[in-house]
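Following are the structures in question.
In the two complexes below, chain A is the common chain; its partner is chain B in one and chain C in the other.
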Partner chain A sequence: MKKYLSLKSMIKIGLLVVALIFPLFVSGNYVISILVNCLFFAAMAECWNIIGGYGGQVSWCHASFVAIGAYSNFILSNDFGITPFLSLPLGIGISFMLAAVIGHATFRLHGPYFSVATIACGEAVRVLIQYFDKITKGAAGIYVSYKGADFWALTFENDIPFYYLGIIVLLLTVLVTYLFTKSKTGYYLSAIKGDETAAESLGIEVFKVKLTAFQLSAMLSSVVGCFYASFLTYIAPTSTASFDLSMKIGVVAIVGGVASLWGPVVGGFIVILLIEATSVFFGAAGGSQMIYGLLLIVVIIFKPEGIIALFRKNNAEDSKNMELDKKEEA
Partner chain B sequence: MTWVFVQSLISGILSGGVYALFGVGITIIFGVMKMVDFSACSQLVWGMYFTWIFYAVTGLNCYYAIPFVVICMGALAFVIFKLIVRPLLGSNDTSFILVTLGLSYFLQNLAEFVFGTDPKTIPSPIKTSSIQIGEYTIGLPRFIAFCAMIVLVFAVYALLNKTTLGRAMRATAEKPEVAQMLGINTKKTFTIAFMIGVIFAGISGLLITPIYYVTPTSGSMFRTAAYIAVIIGGLGDIKGALVGGIVIGVIEGLVTGMISNDLGPVGIGLALLLVLYIRPQGFFGKGERRA
Partner chain C sequence: MGTLLDVNDLSISFGGIKAVQNLNFHIDTGEVLALIGPNGSGKSTTVNMIAGIYIPDKGIIKYDGHVIPNKMDIANRAKLGIARTFQTPRPFANLTVYDNIYTIALLHNKYTEAKEITNDILKLTKLDNLRNTNSGKLSIEKRKWLDLARTMATRPKLIMMDEVMAGLNPAEMEASLDLIRAINKEGITVLFIEHVMKAVVSVCTRAIVLNQGKLLCEGEPREVLNNPDVVAAYLGGETDVAGN
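Showing the complex of A and B:
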């Protein structure tokens, strides 16, 4: 057992080292920019995973939280010259409150209510961003004002700094998710996912636990969104707050593997690279976007645990025992 | 001001009719299978494109396309049911939400891949004609859509309450296991219910072709408004879908007419939150609340 674990962590450390030195061997920005996209999508999917995977509550408005982080970054840095790092609390605060509003209305109910409410909310946020065009520049979107390479403004000459930033953000989301799943609330959440009624009869405050998980997921998403926006250098309601982005985040997480720590990371790289490859053949619109829908259908029907399940066939017994442990502990 | 209010109210009720028709389709599927079909808004887009294909081939008015659209949507529904829905029967509703949303995204982008993004129109004299009552105007296509909705809802009501098939469907909705024991072919009932739901989405698409452009993203307004209508009416209740559709139409009409043209989705989003706070099971829901 011990030996096996250490082998696993050695593989992980090896992959991280490869990832860290990878940019030294690549010339040109294109490959790096695709990898940065993979990293950020993996990070967003990891956030989605907290409520969508571990909680079993399918959210389709994570793009709204990403947009909140992105817009608070750009508005504060363009209009007031404040560094993106200081705009993080603003984005986190707004996401926290928005998640509270959605959660309060829907987490008392069982069924598709949460999903419908999140779709509606995502649409409302996009429309509001377009409506308040004095602050957000409306549908035209915002460009970041480039004043030379500057770490505190998060503007760089090429995408390599964003590559490292992406790795840091991804590891941060993985760490937060890990800590969350090992916390009391995390165990409660997995118990609720297993059987809501049983969990409630054991004295778990179902409503509160779901709400906390959703708020954590939302706040973390806005942090990712803040850095992702700096990488994009241009944000618009259709690119950051649309249903399409929410959909992609969800698909990345589900294809990778819901309710697993590294599933969304695997999903981020596989899905985004696959889309990049197909868009070469089919064009960026329509054709390659079909793949998202197709992947989702195929994975849910044939491999609901996600791609990551292919890597850990032999310790299925382990995870079964772990789940039992979790239930007992809850 | 009064004029704006009454005019917004009228157009709200009329566009609510289409939401209601669309919502009844979702309701039939939910009523029998206890699952929400999130792909209906893309099925509506395909209904619009089938209408456009019919027009492009024959040059006839869109209302002549009804039999063609019904057949095409029925075939589409059959294929979807066999390939995607059937393997999932009996699994939890989360995976059904995910699969139908994936299907929705797939169908929408398939339309974009096949037909391109440029909007298509079906020209006809009905498009611009309207009925004048005093100082208020009623667009003829919206009025026809509203009447068609009333007729179809009554037809469904009669189907469910007066025919053997309808009784079988209601029995399956009540308890599939018992229905099966009584000799009802539940698989067949599921198939028929799903096909009726998809055909309703297609007909809604046909009826709005004189009002909106035919584009792959035309269904996105239904993704929010119509589903909210179904929820606030009470999931699984046909009366609820009807009333919810019209209420949502009116709210959207009033918000877009009197506050701003862009804020419709915000208005209906707030309406959803408000209803969920006050009456979580919706207007006519039987209280499936489990907290």
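Showing the complex of A and C:
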């Protein structure tokens, strides 16, 4: 039995403790609101990571599922006075079905063809949200109905409760992703990413596995979207269901590190903090977009496994194993 | 010893090219049957039709006494016990050697059983030392062994080995032949598609020869390989292709 925690575990626990007590040392709402953004983007990227990272199916329509969670929350709470917590099953259910429709339409395609098809699906969802304006208020968007601080309505006087909610939601997505990767479907999905033809020839039902992973990723995204909407207080198709948001979610995961449990978390903090910092520095002149694009290019060229790979042990073990094998053969 | 695979009147064309024409052959349970022929003779196409990658234009494939419907997909054929390797090995390069096998073992077993089966296969295929190595970093020989190891995890009755000797040096070839014998000893029937004639003579009990999509002849490997028609079709000369 291990007597002591490993250094890695101690670092993780230390970071969690720091995160939990951090608001005690910060005055004002600005820093906290940026961190809440980081947490929610990390959570959204973690959801994307299930299908985009572990499955290698680069989807650019995840904003659709975030929007479904967000709209389920605001429509039910504003029009029917139902707590956002009870809107979760609705968002999850619609996302599950939408993912099935998108999956059936796109999973016969591969690589960039699949990605382009998901862009079209995401845009179709955005247009549909705009079209059904009697329910969704169309392009005008919806504001949260604020009736004072109320936990069950997810309305607060400052962003500190959202900060803790963000941590909980992020840890939930990390836990679900971890459990998924250790499940049979998780293993099959990784095999499909490795070689789809070989996986199928060995008995893995490729379409079924991809669809299951996509649906899980979509449902989880809608949960994050529900809480993220309450933090934003305003949602609209051009922001919450946009291609820009889908891309940002994917980029956060790619920069942090795909197919890695903590990569999207690292990416969430690096990308969002960088965007905030450059926005302050460059203002609205588009300089921040340039830096953001530059970061993506640098990561893809020099560290395609993402920034998290900087913290991984090197490949010395592989070489050692191969040398040992050769010696035994000799 | 019954018939495991029975191929009747199998044909397929791609555009105007008749890749396989009216092919008939069978494999008995426990046999190691060689399927040989010059490049473009239809060997891999035949394997692809049995595996479900290509749908034949005509003909029947009977496996274990049952006709395999043309519509049956690749994964379901694998579940019946029809496994195959590829000319170019296709490891799941993002996974370790252990996880490559464990993932497939999970298809038919619970987690703990899958672990045991994976360990047994690692020992059988002599990949135990490389269990934690990333499969993308393996040598060609070990990649081919990993392909075989993964097929073993599917609980196969039949393994179609597509040019497992290609690109190997003589020492690697000997080791690979030992592995194939060990796999056959486990009661697994082997369809051995190969260009290396020494290997064919060494492990196969029977051989069939394809030429231009048609069955040219069949029989005991050494006899078949010395058949003048086969020599002419295969090598275009009169050399003893058995290597004597």
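To be clear about the criterion, the second predicted complex is superposed on the first by the 304 of 330 C-alpha atoms of A that agree within 3 Å, B and C clash if a C-alpha of one lies under 4 Å from a C-alpha of the other, contacts with A are read in each partner's own complex, and residues count from 1 in each chain.
Note that contacts are C-beta pairs under 8 Å (C-beta built on N, C-alpha and C of every residue); 3 or more make two chains touch, one makes a residue touch a chain.
In this text, all values refer to a predicted model and were calculated from it rather than measured experimentally.
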| item | value |
| --- | --- |
| Touched partner set for A:Val206, first chain B, second chain C, both or neither | both |
| Which of chain B and chain C A:Gly81 touches, first, second, both or neither | neither |
| Which of chain B and chain C A:Gly14 touches, first, second, both or neither | neither |
| Which superposed partner A:Ala259 touches (first chain B, second chain C, both, neither) | second |
| Partner chain in contact with A:Ile297 - chain B first, chain C second, else both or neither | first |
| Touched partner set for A:Tyr188, first chain B, second chain C, both or neither | second |
| Which superposed partner A:Ala198 touches (first chain B, second chain C, both, neither) | second |
| Chain B versus chain C as contact partner of A:Ile119, first or second or both or neither | first |
| Those residues of chain A which chain B touches in one complex and chain C touches in the other | 197, 206 |
| Sites on chain B touched by chain A in the complex | 36, 38, 84, 87-88, 93-95, 97-99, 101-110, 112-113, 116-117, 216, 220, 223-224, 227-228, 231, 235, 260, 262-266, 268-270, 272-273, 276-277, 280, 288-291 |
| Partner chain B, residues of chain A touching it in the complex | 56, 58, 60, 101-102, 104-106, 108-113, 115-117, 119-121, 123-124, 126-128, 130-131, 196-197, 206-207, 243, 247, 250-251, 254, 282, 285-287, 289-290, 292-297, 300-301, 304 |
| Touching residues on chain C, where the partner in the complex is chain A | 51, 53, 73-76, 78-79, 83-84, 86, 90-95, 99-100, 102-104, 106-107, 129-135, 137-139, 142, 147, 150-151, 153-154, 175 |
| Contact footprint of chain C on chain A as seen in their complex | 184, 187-188, 190-191, 193-195, 197-206, 259, 315, 317-318, 321-322, 324-325, 328-329 |
